[in-house]
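So that you can tell them apart, the chains are marked A, B, C and D in the order they are listed, and the count of residues begins at 1 in each.
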């Protein structure tokens, strides 16, 4: 039982700063704090949704976890192993267990590689199955992702956007990963195709017991798929809660505003709307105190001066706000 | 209410290496004064091309309006000379676009770009135009207007740029504003601001808005009247409440059901199977029939016409043809 | 911005040092020297002269001496002409410069106008003809077109002088002098323009085609602006921007090409001087010219970078 | 659900033509470009004429025939004869062999050096990249004509046999040509590395060798093909300049460039234009055809690259 409680992914105080360089010797004169002290953990079989607007740093979190960019500070533990302690070779061997699904199904597939090869090549490189069986495995996963066997020899440009996203999912799934990080996987797709892909994500989780880190700006999609949700703003986590709690009773003013801003396809539905004023501040020069205070309708003097702690409220939820 | 824009049997075709794409295929609808009409559709449905056809900005020589009528304020736009059309564009019909970041000229200052239509259509001199430009920047809710007028587009955020685009669009007091996915590239919190602003300007000046979007949430929030397009054709249209509460066309029904809604969680989303047909391979049929759960034999061979089914709602579907025939 | 420039200048100086050393060594490698070619001298006298000019010292030592002098503004002494290199440069370079400036101006003028019109009428007959003509201009060997034009226009038709800057024995002054020079300039300028115009026009055309497709051009049209305004205020400015970087590369290329043109048209410029000095192995002059072009190249690159940053409000350092 | 999906998808795709690689697609589009096809035909014709043509000429022995000195074009000698009574047409074709060979070979060599160094610099980055690119910068700073002149003078000094000069000229041209190429290839490599499918390759944990050979290089090849094609034209032009100035391939080995050298003689220049105009036009025709074809290639293979 204790093994089940052990988180699959643990992110502790993760920081990723992009330096702003200047001067003769390229001295660092400042930082864009894309990810600024983020902590969360994901249990096996869970879907963690990371929500935020553009510039919130949510995608950088995903990339830093996978070591696609280097961290600045903090730790990332996958099954208890600190990924940043691994040598490049060890990391490479571990990679099949953590896969990424990209936002843009067009640019994430090499235009000159056949679909079958794109899906099967990692199997070969990791020696996961004998060469003779690779094709069978690819066919299997294609079928599972709603593609047909004759697709195997086609090139990416012969597919529509939705189909390419299926290929991207198949490419990750064939490796039998434990964790899948999905970075805005449906936002480039048309509405009718979005639903297909969302259902596919769900089905795969049910049949394969996958764990997802689902990064998205679309709260309705996140609500549909995720059991735990973290809300980011300017590199910081503002609120983390279970889905039911977050949508029933959002605590952070930013979460409230975000929720009320999503247009709902029910005409003449009168909702209490919180329309935020102003723009997203410059991430290279974030506001003092609480980063949200410049746009917060409830801000008080304290918010301008003191950074609110990201603290526990209730059994399994945290929020960073002085007013909660 | 009298109609300000009246589109009848509009057909716009694009010639490609592999054949002709009928991007807009016999589309008719009206926009009445002071009304917000939304065209909803997925990519490739022809919704943007419809708007570009109205503006006379379909990119030639590949693309061309090949038939139909576009009457604006009683005047037939397709019969106007290029120069006559130009005097209407930006003046009586204005347009804003999806990507504010790329829609403004990167090497010209915001102020200059705002002044241009004022000088062109309102015949203001430079000084007066600048004064008006600064007023406009203030009107779209941006402070420090003088400073903004002297900055370049890259110095502003997407949300600000879209406000500037709106300022340019309303500068000559248009009767019709065409907004092509104006908030798709923006964050939700900014989207709410922009939509509010559009609504505000509409109320103040009694202009009409033709809003093109793929987001049903935006439609529900903004529209008075909705036109649903699929593969270059109008499949359904009607008053917004009627259409959302009682969608007739299987495509509209599917679209509404497949969109996840906040605080209305379902176990599995409904999804329309398959994908949009290849526009080069369309044969006379209901273009939706391959994806339709109610597909009948007639759907595969004959195109249904748009017919009124009561309560100002129109639908192009054989299911209702039969129903009315049987009654 | 300032730190960026100072960084670039430092790198530029390092590259120039390395280049000057390399060039020096290469000329040192070149067989023979000015004295070898002079058959009137006895072997003893030759050795003596080599001693005087320091030609028998090791390369490194000669380089250091040369560099040291160069720092003091002394780029050596032409052995064949018995004048300081700088004096000779001053005497010849303006003639080359004249050709370079006039042909650059013409090249840009033709390129912008033709490029814009061709782009606006993309795929039209005009565009196709222009494209083929441009390919032709890019594919002619410079010396051959020079010879062909001399043969046709100067020798056969006698419309223009076949070469030189002034008619032999002419002592025209004032306006007559200017007229004579212009008359002589026509052919070389024609060839130089022809050689440069192909790639530049194609560059403009493709830039314009790209720009015309941009969203902001659609916006400009949606505003109801006149097509002329759309093209010249909105499109051309954006199409010119990347071309500004070419300004910096233009001069070194033109001076480099002057070797051939000036030789063919017998134009008393610096390229012609180089060609004479090369057969005489007059190293100080050769070295001076080569380094001059190297400096032009490096400075040109820097200038074009800076111009780009100045002209484009988006690029900030 | 998924079965319905699969069926619909199948119905949609089965109507499409047989799946094609990007290569085949490019070829199809290239064949539609009439100008490019014309360019290719001309290039092919020039190659065929120069390499096969002389076999049909009765004058290949280059026998000196004093009876037929400097004769203008006639039915017997289509392009006339030169000062030694040799048939100019045959000479032009024989010269073409050398010029085309030099152009082709120096292209192969400089594209090989340039792309190899560019790939190494772009793939490994760091110190290797720095060293290679600084050398390239340095070479780009030195003007190429004086450099070629010095090399030419060295060749004469070392008394390189005329037969071998041709090979050395190829080498010279590639030394001058590689830095620009290396820079371009490196730039392309760097931008390819940033492409999302390369990020995907990292996440999949692919081996370096597969990343390089299966992902990066196949995407680089189109650019290389375009560069290589356009480069042949450039190399032919450079060779002709060198040979014209007597620093490249020298008589008695004929090339188009050194045949135009006849124009240096005032009498030949004015009175016997058939000696130097045909080789000049041969260069022109070949290079323009290569450029037009290369441009067509670029349109289909590398649409983003311009100039």
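We adopt the following convention: a contact is a pair of C-beta atoms (placed from the backbone, for glycine too) under 8 Å apart; a residue touches a chain by one contact, two chains touch by 3 or more.
Source: prediction; values computed, not measured.
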Core chain by centroid distance, with centroids computed from Cα atoms only: D
Pair joined by the larger number of C-beta contacts - B-C, A-B: A-B
Chain whose mean Cα position lies farthest from chain A: C
Centroid spacing, where centroids are CA-atom means, of chain A and chain C in whole angstrom: 55
Whole-Å gap between the CA centroids of chain B and chain D: 51
Where chain A and chain B are represented by their mean Cα positions, the distance between them in whole Å: 32
Residue numbers of chain D (touch at least two other chains): 1, 5, 9, 16
Set of chain A residues in contact with two or more other chains: 163, 196, 199
Parts of chain A lying in touch with chain D, wherever the complex brings them together: 66, 68, 91-96, 98-100, 102, 104, 107-113, 117, 121-122, 125-126, 143, 146-148, 150-151, 153-155, 157-158, 163, 168, 171, 175, 196, 199, 203
Contacting residues of chain D [partner chain A, same complex]: 1-2, 5-6, 9-10, 13, 16, 19-22, 25, 195-197, 199-207, 210, 214-215, 218-219
Chain B residues within the chain A interface of the complex: 42-43, 157, 159-160, 187-193, 195-196, 214-221, 223, 240-241, 244, 254-256, 258-263, 265-266, 268-273, 275-276
Partner chain B, residues of chain A touching it in the complex: 53-54, 160, 162-163, 190-196, 198-199, 202, 217, 219-221, 223-224, 247, 257-259, 261-269, 273, 275-277, 279-280, 295
Touching residues on chain B, where the partner in the complex is chain C: 55, 57, 61, 82, 86-91, 94-95, 97, 99, 102-108, 116-117, 120-121, 152, 154, 165, 168
